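The following blocks contain the structures, represented as structure tokens.
The same subunit A turns up in both complexes below, where it pairs with subunit B and then with subunit C.
Up next is the complex of A and B:
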């Protein structure tokens, strides 16, 4: 008997898919179990094959949304979520604004230090983030006195996100034909008009990626947030999540439910921005 | 409408000189074509007029105003780009009206003007479309519309037809010429296509390596090229250029494959090169088969090896390689003949004979490559003196060979 074409490939790929989905299924199971345990089945002293399978099957004994309700009623999760929204949104706005203005300058203007500037941005990306923990803490908390505040964290996040965003945006600006801008110059447009009315609308795909990156960086970030936000009321969602399972508590149900809620905005944002991620927005402007 | 004048204009990028000491006056309402090979500085010249490139030295006058330091928007020019350069995120209507919107014209007036311009360009039905939904020709028309709508003093065209296919190019060429006749706006048109230059320009400026080689009417450039560059650049196929030996006090010109008497209008000039060489130019349309050209009074024949025949329908272009062991052998000569007389492919590599009109030759200094001065002789008389029976002799010789 001949096996279907690509049978082996499909088996391999399906196995990898299951491997990826399995932990996520566990998170869902725990979140919707209504309990705080990390395991569902009690394995008897002399387990049968079915008992063993039950133990690794991510399916709760009962389905309940109690963990989600408790998160918002019993725990300060809503406040943490709000903190995350404020920090991530502000980081995105500040990061994208600064990144696209500077990237435009790097792409279009020739000035002393242009190459060095771009190189510095690149070099800054080569060091692991944890290396900057102490200097950042000293600068933000000791010198600027912005510890435990939204602005301090926003500043730190924006600073770390901007180099990547500048490279990203510059790369895209470079692909926008210069003639389009020259044409606008001939039409009498000022530099500001050209930037806002011509270049930025054309750079929507890059803006979408940059915004998504900035948002995700700050939304998911844990280490810096746990360092700067000392007060429990100022925790961001990832720091709050750690609170459920750190130290002496092991509220895995809250942790799983919180993790799902935290990941939702990123998924939704990605789906929303997907339409801007299409390439070829400049098609039709110049002969391709 | 404004005139444009270049006074000793130069453009340098650090050490690289792109334009050197350019002097040219473009009168009001003229259609001037800047033509030349890639990198000759024609686009840079246009961009200097537009204000998109700075001027290193000299003065650029637009009308009576020195425009060197004027911002592009204050020069009252409109430019059409090779790549169309439409705003891809705007509709045709917004594209054409953008310049007016920048000038804060009321929306109702913008709409009216856009529709007025769109009508003759055949864009009325496409106003709500985005550029990506248009064909190449339509996009170029939008680019034209965007330039026209502002009613500028000068139009600048930067190779606007290069991206179009051959048929569309002919059509758009006619449309741009028609537009110029209607609006009579001073226009400067950059192209590397000498057919566009010949058919559209009131005047043509041929540029090479940042210098103007010749500036004049198309026929002036065709009939009296000032140097070998212009001679080779204007006309398709290009003029045949070959070195010939001067002897007999300038009265005889000798090449590997022919020997002719110097037409008397050139003699004064060739006499100075006696014993040396000059460059002889002859257009392919002045080389052919003798029986096709009854009006060639003083024909001379060229022998060569038939290398290639290009049949174009209305004419055939014959490529000959001059042979023999004298200087000039190996020169390639192109001739235009009627397709019905075109040699068959079986004759490739064989010896072939064509004739040229000695009255139509051009002579150039081999050192400077400039055209030699001609005296104002009546060429008809001089040729009769030179060789009154040459044609008859030649016909007889052909008949005796059984051709």
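Up next is the complex of A and C:
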């Protein structure tokens, strides 16, 4: 009998894929087990090979959605999710607004300080997070008194996302021909009209990417959030998930269920937009 | 002659600078004055407490009634509204936790019985308790950290609580409620200085040549002159006031001790009940001691004055030299551009650049959780943090035969970080390359499915991934150990050993990192034209030769940027270390970033962590320059 074409390759790839998605299956299996246990099956005192194998097969002993139900009824997870949504949404709005206005200035106008400003934005990407953490913590919570508030987190997230978004938007604005605006000026449009009614609609794809980036930045961030939000009711979803399994608590069922809820939108978005993300990343990396 | 714009700019600059600098100086000076005034009030009234306290203690020990003493005291001291003795411990004749004596109520009903604390008087107990606690803290620590005399400024009154000692132990507190004294009024005499300065300059401008240089110099020197005069007179005034108040206190103390066997100088104490030493044995004022006492706040005040003056002077030069008007003209000309760019720039300045500068400044101090509130000048230690980070080469601590690695040492962490980065990038590239080659096979079915499955690790938020792997490496219930046991091995305590702990983070991070490499390399592979391979086959090259001489060189422009990017990501991969093995055991698996975080937020050594982060920034900056060069070279070659 002749083996199908690329048989060996398929075997190799399939087994590697299984290995790759094993942690994901692990999460699903724990989430739907209805328990807080980290193991799939109880191993008897004198285990047979089958018992042992059973313990690593990512399939729960019984399937139940109890963890998901409890997450919303017994745990404050809904509040955390809501906090995350509010913070991420406001960050996106603020971040996109700040990024597109200043990117427009950098792209369309020639003014003193333009080059310096853009250079500074680039260099700021190199500031290590921990160097910023302490001053930010002092400034936001102690001086501005914005600890435990949405606003503090939103401000910080939006500003940290600015440099990347500005460079991204500027690149796109540069590709929009100036003639369009010039003819609009001829027709008597004001500068604000040109920006809001002509340039922004044309830059819709870049706006989408910028918005997505801002959203992801705040949706996935947990260090700043865990520093700023000390009150349990103000946790964002990432801080809450860490809370389930960090320190001395080990509510793995809640964690797994929550992890699925939190990652699902992000993963779907990622898979949908991966083409753009990858081309953007590599283009950026070549330019330095 | 004053019509020329040059003189106008000089005068305007001087006016603005003087107004700004003198206004702020005046404001800070008046704040200082208020503070000193409050201090003097407390010192002045503490004389009464120092006299009355021992008398009360003696009464209690002799089990005498306190009321006559207190009532008499209240009658002879104007300004004291009420006197309370708040008990916290058992004392002769009284039960514990009572208000032992209280003049307010006595006046109303004529007599007073010791009373339990009620809801309204509960604060008296708290006050007494805190005084007792402060005294005992200071005694055990043998320091003067917490005030023995506790003051409470309220809307109309000032409350002072003194410890009452029975057998050398604090068993109660004496609380004086005092009519709140009127604070000194602030004056606006600085306007006179502004006027003087401007007048002087106006006159001088009539005589000096109308050249930019001269007008700027003239304005600056008048600024320095006027501000200097103002500062000298202010400082002189403050010193005089301090001496006046000291001599007032001396006479007060002498009055109180007239027919008692107490030395007057023992009454002048600070809030730690330490004698101030303001009085010489000859019963005159010791001006030296007073000036010493004032030196610290005065230095602070002077630093503020210098700072404000310096900034204002810069401002003056900025205006007088014409730079200001040029800037304004530029701003006006590019009004639109700036209004578009401003929101982001302001945001970045406040929340990115300022924190960065603040962090750098912090790295030159020894700030930690406990001394945050001290003035900057006292926390300043220069390059101390950098010396102790970079100058400590004791990576290996040898003790005779035995030796151990000091995992907290910077160089260990640096080496570990480099090792961590190199191994991670190596394995990610290796796995990514193999998978990319496999997926690039012509005619392979199901490519799209494989690709989506293999890209999943990249799509999941990495903190979730990290926590998942942490669970999988659980010693007792984790699947990794179950798998090992399936094949007859023993469960491994993953986080107890440097090597095995490293394995956990390495596996997690390679799992996170290979999809990126795979995707990028796949893109690179697809762009290699198949003609080259055909030509090679015709020339008789085998598979390995094709890979070695066609695939690898063609992939170079793809691999290098991807590796550069991946190095920075791995170097900064906080989440994996922080969440999976937490740097265990004993901090050996800490990378630079997590180490800095731990120093800052678990040991609360803010300044040390800041210095650590500056070092990290320097490393990244150098790497950034290197990266720029390499990518330029690659671009040129490609």
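The rule is simple: the second predicted complex is superposed on the first by the 232 of 288 C-alpha atoms of A that agree within 3 Å, B and C clash if a C-alpha of one lies under 4 Å from a C-alpha of the other, contacts with A are read in each partner's own complex, and residues count from 1 in each chain.
As a working rule, a contact is a pair of C-beta atoms (placed from the backbone, for glycine too) under 8 Å apart; a residue touches a chain by one contact, two chains touch by 3 or more.
Everything numeric in this text was worked out from a predicted model, so none of it was measured.
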Going by the contact rule set out at the top, does A:202 touch subunit B (first), subunit C (second), both, or neither? first
Just to be sure I read the superposition right, which of the two partners does A:177 touch: subunit B = first, subunit C = second, or both, or neither? first
Touching A:186 in the superposition: subunit B (first), subunit C (second), both, neither? first
Of subunit B and subunit C, which one touches more of subunit A's residues? C
Considering only the touch criterion stated at the top, classify A:117 as touching first (subunit B), second (subunit C), both, or neither. second
Residues of subunit A at both interfaces, subunit B in one complex, subunit C in the other: 281-282, 285-287
Per the contact definition, I'd like the list of subunit C residues that touch subunit A in the complex. 330, 334, 336-338, 340-345, 347-348, 350-356, 358-360, 362, 435, 438-439, 441, 443-446, 450, 452-465, 467-472, 474, 477-479, 482-483, 485-486, 511, 519-520, 523, 558, 561-562, 564-565, 572, 574-575, 578-579, 593, 596-597, 600-601, 606, 609-610, 612-614, 616-617, 620-621, 624, 627-628, 631-632, 634-635
Considering the complex alone, what residue numbers of subunit B touch subunit A? 50-52, 72-73, 77-79, 81-89, 98-99, 102-103, 130-134, 136, 139, 146, 150, 163
Subunit A residues touching subunit C - in the complex, by the definition given at the top: 5-6, 9-10, 12-13, 16-17, 20-21, 23-24, 26-27, 30, 37-40, 43, 49, 52-53, 55-56, 58, 97-99, 101-102, 104-106, 108-112, 114, 117, 120-121, 124, 126-136, 138-139, 155-156, 158-160, 162-163, 166, 191, 195, 219-220, 222-223, 227, 238, 241-242, 245-246, 252, 255, 259, 262-263, 266-267, 270-271, 274, 278, 281-282, 285-288
Which subunit A residues qualify as touching subunit B in the complex? 177, 179-180, 182-189, 193, 198, 201-202, 281-287
